[in-house]
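Okay, so subunit A shows up in both of these, paired with subunit B first and subunit C after.
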Partner chain A sequence: MSQLVEQIRHVCALGALQSVLAIERAVPVLHAGPGCGQKLWGALGLDNGCQGSGYVGGHSVPSTNITEKEVIFGGDKKLRETIENALKVIDADLFVVLTGCTSDIVGDDVGEVVREFQDAGKPVVYAETGGFKGTNIYGHELVLEAIIDQYLKPSEEIEPGLVNIWSVVPFQDAFWTGNLKELEKLVSEIGLKPNVIFGPGRGLQALNKVPKAQFNLLVSPWVGVKNVQSLEEKFGTPYLHYPVLPIGPTETGKFLRTVGEYAGLDSKRIEEVINRHENEYFYYIERSADVLLETRLLPRRFITVADSFYTLGVSKFLINDMGLLPETQFITDDVSPEHQEKIEEEFKNFIDGISSEVVFTNDGGLAQETIRNIKFRGRPLILGSAWERVLAEDINGYQLSISMPLSDRLVLNRSYVGYEGALRLVEDIYSLVLQDFQ
Partner chain B sequence: MGYIDEKVVPKREERLKACNAFGGKACQLIEGSRGGCLVNKNRSFSQTCNCQMGLALAMVLTIPEAVTIMHGPIGCGSSSHNMDSYFRPGQSIRGGKPKALLWVSTNLEEQDIIGGGESKLEEAIIKADQNHRPAAIIVVSSCAPGIIGDDIDELTSRLQKRISARIIPIHCEGFKTKISATAYDAVYHGIARSLELELKSEAPGGLVSNGLDQVKKEYIKSKTVNVLNVFSMGRTDELEIERLLKALGLEVNFYPNFAHPDKFRFLIEAALNISVCPTHDDYFVEILKERYGIPYVLNNMPIGIRNTEDWLLDIAKELNLESEAKTLIEKEKKELEVELELYRSILKGKRVLVSGGEIRVAVTAMLLQELGCEVVGIRAYHYDQFGDDIYLKAVSGNPDLEINVATTQVFELVNMLKKVKPDLFVGHSGSNVWAAKLGIPALPLFSQPQNYVGYRGVFEVAKRAARIIKNTAFQRTFSENVTLPFKEDWYGKSPFTYITEK
Partner chain C sequence: MAINVQSAEAAVRESRLGAITGYNGTIKDLVSRASCCSLKNRERCFSQASACSSGCAQGYLSGIEDAAIVNHAPIGCAADSIYGNTANKWGESIRGWKHRNINFITTNMTEEDTVFGAVNKLREAVREAYMRFKPKAIFVTTSCVSGIIGEDIKSVLDELSDEIPVPLSPVFCEGFKSKVWASGFDAAFHAILTAIVKPPEVKTNKVNMINFRGGAKEAITAILARFELEPVFVAPFSTVEELSKMSESAATISICGTLGSYLGNGLEEQYGVPYVKSLQPHGTAGMDSWLRGLGKATGKENEVEEYIAEEKARITSELAVIREKLKGYKAVVGMGPSFGHNYIRVLQELGVEVVWGATWHFDQHYDHGTCPESSRKLSDSETDIPISVCDQQNFELLNLLNKLKPDLYISRHGGTAVWATKMGIASVMVADEYSAFGYQGLIDFGYRLIDAVTNRSLAKNLSARVKLPYTDWWLSQDGFSFLQEEVG
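After this line comes the complex of A and B, so read on.
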């Protein structure tokens, strides 16, 4: 991680409370300062695509609200009391205790307290997510590890065709519900039975099925590798790691073929699915081509300042399908060093030998400084976060927020994944350009 | 007072015996407050609420040409990007050139927690000064550096010698106080200790030597007042305040929100400091009185007909403008009466529950009573001695009115709403959605672009409340299709079951 951070694009590990909230009827119980929950929810939820409280988020999240007393004398008692009463008051199926900086520094024995509840048969697990330990993306992995370790039970039988899908980080990616749904849809169209634990209508029923899967499908540049490895270790479930979020026909076709082949599916069926989608996709592209090809409408160069999911996925789409040219791409989700090389490889691997420079930094200040020093001919397209609004004005670029913080958009079920998602992205980018002419 | 020489201001639990947990009748609350025993109350179950750091940020991030450094791990202060959309329009509406919000996190990681975070803070201050050449650098410290014992005062005073920006250290570690309003004291403390609050000796041969100019200056000063603005009142409200005070022949300056760091040097060129919220400013107005002999008014909030009147009369009394004030009040009230007529018939008898900041809820409750509503419950984020007189006024004739002191605590709110079933809920941001889940229409307790203050505010609130009640289709369909996250038997219990005495 960078030393100092200006304009943050992720939060701290405790931000994984939002990953818990993404599982229907699961509730985080914070062992943290009184303000942590509100700030993290504000950053990842409310002010990030207007993703509000939902069922039990926002100000409804139970929290010990640590004070001086707990810092000095320890917070075990306060935590025990809070869990006990949360079980009485809150109507939920799974309670995930998460620690913040204060309790991790003080050194409360959270594991011990939680085990008392587990021994009594209560659905309580815990993860130590003190903010200084890492980002909310790291925290997201910790939460999944905790659930795998402390909650999931091995399954007697394996259900053929059942595939767990792991991908974008809920709430960090404001489009997560739409994106996961789209992945689910694509996977089911080629004849598999997708299982996703996050989002509406899934919950513990989906979670409980995880150990039964034929394989785990991880669609992610790096986030979640640790989790699918753990699932393999614990339940013997193999995994397929597909590193690119598939956006647009080129990548989505490749994605479907890869999954199909891995699962041993009939390639004829997969080609049929791809064909049908491509026909539909190009029906719309054909209609819009007159306007798109109007030279003054096409920004030729683009920059992404986003999570690795989007920098990579969007770059692939804009270069391989839309014919744009890359400037530098900034990857802001604090990719751990061991994964950086592989991701960099992907950026050397576009059609026609095109490659793009990438910078790994979570310091938005640094990214913007670099962008200001680039000499653009024509107006660039900047796909980043709301932080880039002022920058775009200054350098006369087009700006669309796709990555956290998305404080300038309301996101419901929009997705940028697959064929449908690519069409949404084209709509959004070119509406922006058109509006500028009005 | 004498806290000003200390690095950290005491928490409000100590300084004011403030509390954030209570459930019961209004008369018991006031009695408890006067006896000083509310401070012992606690909760054995709680939900995430807010911390003083958040409130401190809401103040300091408005200050133009400043860089705010959040000294802590990256999560604290993370939601501050939403302040950008408050800060930029706030700048331009006040005539400034809107710039993007500048803030930096020292991003403390594991090794800093072990080895201390001071060197990172030092680097951040130097970098902020070099890169942005700001007028001020505001250092806001969060829980982690507070626990590991970073000495930010020593560091900042050492660095101040070689840095041109004024460095303002603010101690606002969340865990240090249950009363997040301690933030106001912490910010004022930082300002009073680090910024120049007076114009240092003028250049030789300047205006002071001229006797006539001196008289002129004194006259201007006697007609100038400072109004201490608050986060929850936007420019629209400031304009209403300005309109009323101008009608009394006064010039108005607003501090501290949106005030340039250099502007504070003119702070003492005023005849009176005026608070618009007693629980916001007591610490600062006292300092200004002690140091510079400037009197203050601190009794009230100008919301609702009666409280606007009392507030104006308080000011007039200090400045010998009573007869002018009375004429103004009569005129304003007469005009307002005509305008309110239509809304009174709609709002008459509507049962309302009000929830939010200590003083704000009480004066808003009175405003709603003035419009003919029946107040059936009040929830305050915290409570202290500044509430006593206002609450007495607000519940006069109904000392048994149910009061809940709670910083957020949705589970208590929902339980109360289920039992009281009001026709309208007036709530702090973050709470209105929970009322809507029960089908209850909600009017936000504050919203910066809108007007709530003064006589115009009364009219505006009446108009908006009437509109909200007129079509509740959203709340109705919403409540039929979502469930609340509490167990059924929770509603059978008292909302105050988890408030403890210890």
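After this line comes the complex of A and C, so read on.
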């Protein structure tokens, strides 16, 4: 990500403060400028599905608010004082110190300061997340690395059937709570014991169980590969990497069979689960098929401008299950080059030999310029972010925000994962088509 | 201190206006010490994330219709462009305009750039911004990184001015340079004043109306029309061309004393456009003072007096009803200093007792050299009011609210009203800068407060279920125990 960017769709590494907040009773302590926190949670939280501050987010996040003094004389003292008092003032179980650009350039010895607290038995870890180092998705991985390295302890025993689920990036994906819950539900239905650290009601209890798992399940095109590899190195836990966010019957069935086979589960039980879900799913799809098929308004072609979870997951669903055809898909989460080829392969692998063009770019302006030059037959469906609303108006498309920023939607527990999630997505897409002319 | 248009950047508020972010006392003490320049800032040994200049500078400038922003920074500094775009769309909606996305590019600085510099990337980004948006001006906003590594932005823009035929202006708004985020507004206005505003060719009947999103556009246009004046809404939703002619206007007025000081005084000093230095137009006393100031500046004193008398007569009986309904209610105010000290007066006009006023900073004087008019007005009244200053430090504020337990918490700036609500306190956040604008605004705001105290179910239910993120130890401490001694 070295080129200029118009219309941002992710923020910088320090944005991982939101990943900390996604762990119940964990709190980030920023060693950063006064405005970093506000800018980042605004983009990832408030203006992204109206995800607010929750227990200890927003202006509650402790921060050294670095000024000229710390830039010139160093900020170690200020950081030490802030951590010390944060431990007294804030009621939390885990304190994750995150550095910003200023501290990383000036070269404060944050590790040394944090180790003083660790040596005193305080639950403090740190990650160097200076914004210039990468995206908040990269930062999310750094936070998990910090927790793995500095907080988690090896377990004497392995709990059979216990599976840690790692998937979407909290807050970056406005639907993260719903999506993780749905993955958890699916995995438990086939007979495993899911363990998710992010979201309500989990917290350190879930985190502490991580080293005990039978395996790590990573449901992600690329984000988190580094973390499951680290967990394997540190605790010897094997991992299954499933690269597609499963949306709809085709992909979800494949997902459940893959997980079941990997875990050595009875295939009969898995087929029963799949069958039950498909029956229910098709009840609704059959009932709405009249409208899906017999109106003159429905889009036939779609474009995604979204992070890799959704470009891929949604494309699989719309092509393999819903009979739509792809135009170009734009992947905006700054996928590191070593993962791009594998992701691109997935876009050549739809039913009936259908494939889709893919462009990796986090420059939304460039993506939109490319879309404006496509000649459409009929109104296209654009699954993107709030930045695409103006574009859709200009090119007469149908637009639904699914990827950061979702400043035009309020998201609570909605999920687009699995069978249920696919039904929600169909509801959302076709409701906007129907609302468009009424 | 005069505004220096020869300098590349505006001095931050701490050094220019004696601004402070740490204080605990009363309004009378605050104003008397500010007036004799004996007030010093108090630092904190614990703090929570606040806000920075760059957010204010680029958020404000990105609202100009046909300008573009290039943010020379890592990508996270552009995070606020999403809010900027959303707020801009709100403003377009109330005007019935077609939506656009704001013209905003980040140079997306990386680790390598922090070592080798990134002036080439900046050059490319400015060229690209010109190509993509065809803007009438390009503002380059700086960042902590560009500032610390010493990027020579001015030279890059000077070079590019040969090939790009529109004003190219740096906006120096590095977050670490000021704890007072409003310094960012000054940075933006400094760029407008030095790169956009042209010397006057004619004198007009226009009035520069410095504001944010212009929610009361129609009301203000109608009021000024009675005085044969015409507003130019500055700076969001205006064009570069309109801004360039601010020097021709008959006067400058502002919805916010904090916001208006730099540009208002700059235009007065440079081009003789009188800046109305009054209370801000919130409530009756504020509107009286603001309109009289405008009347005096434009020779419309009689017309103004007629209007004031008419409007006051119109709202008298309704105001009495509201005051009766709000009698006995106690409120805490948490806002920027201009809004805060003006809204305390507004609440008093509505019959609400203000038991504490917290402001996010305090300017000991404005650019015209005097202590803010709204603060002086409060300190002149009989009753003294407890006052504190904090850069939106929630731990301090919640400790205070927990002890004072007011009926109402009135705020401006996101991020505090939600916490008061979680404590079971009915809260009203003033998002629209015209919420209590003038006489009718006072009445509307009064009804809003009545609504807020009439059904408190959300606040009550939340407070019964939600735990605050503070230890019992902290909530039992003196809320200002982390304020250190005054330093020079």
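Here is the rule we use: the second predicted complex is superposed on the first by the 435 of 438 C-alpha atoms of A that agree within 3 Å, B and C clash if a C-alpha of one lies under 4 Å from a C-alpha of the other, contacts with A are read in each partner's own complex, and residues count from 1 in each chain.
Methods note: contacts are C-beta pairs under 8 Å (C-beta built on N, C-alpha and C of every residue); 3 or more make two chains touch, one makes a residue touch a chain.
Computed from a predicted model, the values in this text were never measured in an experiment.
Partners subunit B and subunit C clash in the overlay (superposition on subunit A).
In the superposition on chain A, A:359 makes contact with neither subunit B nor subunit C. When the two structures are aligned on the shared chain, A:292 is found in touch with neither subunit B nor subunit C. Touch criterion met: A:55 reaches subunit B and subunit C at once.
Shared contact residues on subunit A (touching subunit B in one structure, subunit C in the other): 1-8, 10-15, 27, 30, 32-40, 42-43, 46-47, 52-53, 55-56, 58-68, 70-71, 81-82, 85-86, 88-92, 100-102, 105-106, 130-133, 135-136, 365, 386-387, 390, 405, 407.
Those residues of subunit A whose C-beta lies close enough to touch subunit B in the complex are 1-8, 10-15, 27, 30, 32-43, 46-47, 52-53, 55-56, 58-68, 70-71, 81-82, 85-86, 88-92, 100-102, 105-106, 130-136, 365, 386-387, 390, 405, 407-408. Across the complex, subunit C meets subunit A through its residues 45-55, 74-83, 85-86, 98-101, 104-114, 121, 124-125, 128, 132, 143-145, 148-149, 175-179, 181, 391-392, 394-395, 414-416, 418-419, 467-471, 473-474, 482.
For subunit B in complex with subunit A, the touching residues are 44-54, 72-79, 81-82, 84-85, 99-100, 102-110, 112-113, 120, 123-124, 127, 143-144, 147-148, 174-178, 180, 407-411, 430-431, 433-434, 482-488, 490, 498.
By the touch criterion stated above, subunit A contacts subunit C in their complex at residues 1-8, 10-15, 27, 30, 32-40, 42-44, 46-48, 52-53, 55-56, 58-68, 70-71, 81-82, 85-86, 88-92, 100-102, 105-106, 130-133, 135-136, 365, 369, 386-387, 389-390, 393, 405, 407.
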